[in-house]
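Next, two complexes with chain A in common: one pairs it with chain B, the other with chain C.
Our next item is the complex of A and B:
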């Protein structure tokens, strides 16, 4: 187990170096002279020269790359061109909103998914089971942006129950109120996925010998389900949570754009529109870092629950 | 002799899959949704009641009526006709992206499995590199480099999803390579290309098929999502994502307008997932005895 985790941790380093390399080469890959694109046609030659120096375009690429990695290690992500502020600060300002959204979405997905899956498994092969299975199928195949749009149409525009824009001002309660729509939209896809996983894992557990033994003692079935089977059946679900957080970080981009919430995803999309190169690089780097961490967490939790890897 | 035996074995396997799928309602529901999309894409000019590009500013943002069954959009174009024509880019993206994924997946996966050593390592490193990015972010960055268009969306989606195929094909080739029948074919003097073509490809076909069904759906989903963000297909082209983007501005005043493309995307996703699920169940060797589980 320890060897596996250390191997997995070491693997993060080349991955991040590769990510950094792609981000660095963006300067050269983007069509046209970045200085011209960023400054527009009315810029003077001096301004362009100044910007080229700031972006490190006047030096050979390998020097630039090493410098880039050095400054990243110092925590310096450069300065945003249009906001004229350090990229690090701009990113850190919006990061908490994205994390809150992602964790709220994951929490909802786990909670609702387990309940739906348990209900389906307890009434196996009844009409309720078929209905719930179909619902989990439908939600699992609904893209996040469709869920967001439909939630706005139904709950904001038609029923006027939920706000459709922004974070909400003042007070924790108000912020939570503004988080409901976005978090539910983000959770929809994984709710279905987790519900299906819970159902099949629960059915498998209920067939296992130790549950059959409990049954033969004459214990009531709800007691067996909640007291014994659940503990074993949730293990594969815990193992996919890490994976899910990585996925939901991607989905958060759409939720943030559609609900007009500040966040890392919307920041990256806007910086791509604006061609604010340092901000694109910084935002993508932080997103990739979070993604790599979430995947690491997923692999480690898999290993923890899979005795074959655990023994290694 | 050898060949005809293998042919019958494959045929038997195939018939078994068809028989299991025939009993599953998901095959029919999913299959008919997919069929409707393909038919709309193929016969769009004949099915659509209006020209999807002809504007009529006087009758803009109208609700459903006899003339425009789903109403009109912000410049008076018929929404139903645009929905039908939008099946075309969806199908292009699904097939185009998938072909690129499978082609390069096969190329890299087979090369890695056959050559081994340092080349195998490098190819795996490349797969891991692509997978290290959050998929959406990688796609956005690549689109920013190439610029948004139908072709670039197809290429980028194909490349982003490719490592999944590459890994599966590499793993299955490695295990098939050791099987007795491949050994015996090799000892009879069959060349590498012939072994891959005759023996390995038919056996990895099943796994690629299930992955492919799901990925066609996810490519359509990505295309619409990217176009929605303004980084995929560009207006005035009709695509479900472009329609979402155009109607998003009117979500407060004409909310019904955004519901139609949303439903189209949702149904498409549902159709592909239902079909892929029934295929997955049928391909599972344990299926048939246990029913749908």
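Our next item is the complex of A and C:
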């Protein structure tokens, strides 16, 4: 178990080095002089020269790269050009909202998806299965922005039940209340996907020889499905959830924009528009780090569900 | 008669795209208390279907249009799924399946799986932790060394033979009256097979359990069974005490099977039975074995022989051993010939 986790942890290092290299080379991949592009046509040569120095463009790229890695290791992500504040602080300001939204959305999707998938698998080929399959396909193929708009139109505008914008002032309860709409919108696509995955994984497991054994020894069928089959079937779901959480951490842009919530995804997109290079780099780096962590967690939780890994 | 299990005129059919295929047809058999009964046949002869029908674990496409399965004087076919699960499966009748390699759940400890069988056998009345000692005892009895330690291990840490021992422990832990063993040693090495067979004999001696031993291997059957039934294309064609069957096989199919055993016939080359088992959707009229039979005569193609007692405890379904019917047929044939001659 220890060896397994250490191996996974070691893999994080090359992954992050590759990410850092890509982010650093962004500056050189942009066509033209980054300083001119960032500052626009009305900037003076002095201002441009100043920015070039700040971005390290006046030195050879490898020196800049080593400096970049050094400062990252110190926890220094640079200074945002337009906000004139440390990137680290800017990112940390929005991070809690992103984490809350992602985990609430994914949590809903996992909970509902597994229940729908289990029901469909236990009543395979019945009308309930067909209905749930239909719902799964419908939700899986609904883009997040349509789901967001629908929720606002139905629950905020017509029924007046949910707030349509913002974070909610003060108090945890109020924040959670404001989180409902965005989280549900985010969860819809993944719910259908996880439901389909759960159903097929369960059906495959229920075909196994060991299920026959368990039946022939007279274990009750609810027990076979919810204890013996579910634990075996859950592995592919974990893999997908790991990837999904990682993706949502930097990618919940539509929901953040439509519900007017601050968040990492929205921050990255805005910084790209503003050509705030240090902020783009810092934001993407944090998103990548969270992505790697989410997958690391998924890998580690595998061990609980697969004894062969636990023994490694 | 002290029959533990008595099957009467059982037919099992599968729905297929081309109509019904009869996997088991009009089967009668009886297993007495403490008896090891061998059911022998080629692949597709319906022997596994018969085994599964006894505990009603047939796939959804299967139907039982006729027949009765009396187990301790209750007809299993008429019992509800609930009753069978609560009172029969894993309690009165246990089943060990063909391939031990995938027969245990890979994500649960062997001990957990063993204890669960006992837990439900006792209708959840005894706490699991109080059953652990019984489970460890059972593992020890099936020849697993260091059972306390192995109890906490997962199936992938067991070899094929060890897994089959665990499965036998799961089967015997509830002291069943009948064990259905469906080719339990087919997937194992010959040396391991011999060990498992020896273990099975020991367990039968200790618990007095009857066994329905399903296999294609006559060699294995000769070692452990008291009586044998030979199945061909869904029907029992011969049934006898094991010694009688080997000393004096009657049905041409049984004879042919024995010739296929290495070391049974003196010829150097191993015999085979030409042809194939008939398609179950489209069985030939008359005797099913007729197309592959060296002794086939006119009557065999017209009528199907029924299983009849040839002598005490030895039945066969073949016109060769049914003098009356054979003579009648010959007389009829002569009449036909005479008419044609005239």
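To be clear about the criterion, the second predicted complex is superposed on the first by the 245 of 312 C-alpha atoms of A that agree within 3 Å, B and C clash if a C-alpha of one lies under 4 Å from a C-alpha of the other, contacts with A are read in each partner's own complex, and residues count from 1 in each chain.
The rule is simple: contacts are C-beta pairs under 8 Å (C-beta built on N, C-alpha and C of every residue); 3 or more make two chains touch, one makes a residue touch a chain.
These numbers were taken from a predicted model, which means no experiment stands behind them.
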* Who contacts more of chain A, chain B or chain C? -> B
* **Touched partner set for A:29, first chain B, second chain C, both or neither** => first
* To do: Go through the superposed model and pick first if A:89 touches only chain B, second if only chain C, both, or neither.
  => neither
* Does chain B (first) or chain C (second) touch A:231, or do both, or does neither? -> second
* To do: Could you look at A:208 and tell me whether it touches chain B, chain C, both or neither (first, second, both, neither)?
  => second
* Asked: Regarding the shared-chain residue A:219, is it in contact with chain B (first), chain C (second), both, or neither?
  -> second
* Between chain B (first) and chain C (second), which, if any, makes contact with A:157: first, second, both or neither? -> first
* Asked: Touching A:305 in the superposition: chain B (first), chain C (second), both, neither?
  -> second
* Structure fact -> The shared contact residues of chain A with chain B and chain C are none
* Asked: Can you list the chain B residues touching chain A in their complex?
  -> 125, 128-129, 132-137, 140-141, 144-145, 147, 217, 221, 224-225, 228-231, 244, 248, 251-252, 255, 258-259, 262, 265-266, 269-270, 272-274, 277, 293
* Contacting residues of chain A [partner chain C, same complex] -> 208-210, 212-221, 223, 228, 231-232, 305-308, 311
* Structure fact -> As the complex stands, chain A meets chain B at residues 11, 14-16, 18-19, 22-23, 26, 29-31, 137-138, 140-143, 145-146, 149-150, 152-153, 157-158, 164, 200, 203, 246, 249-251, 253-254, 257-258, 268-269, 272-273, 275, 280, 284, 287-288, 290-292, 295
* Asked: Contact residues on chain C for chain A in the complex?
  -> 55, 57, 85-86, 88-91, 94-95, 97, 99, 101-109, 113, 116-117, 120-121, 154, 156-157, 167, 170-171, 174
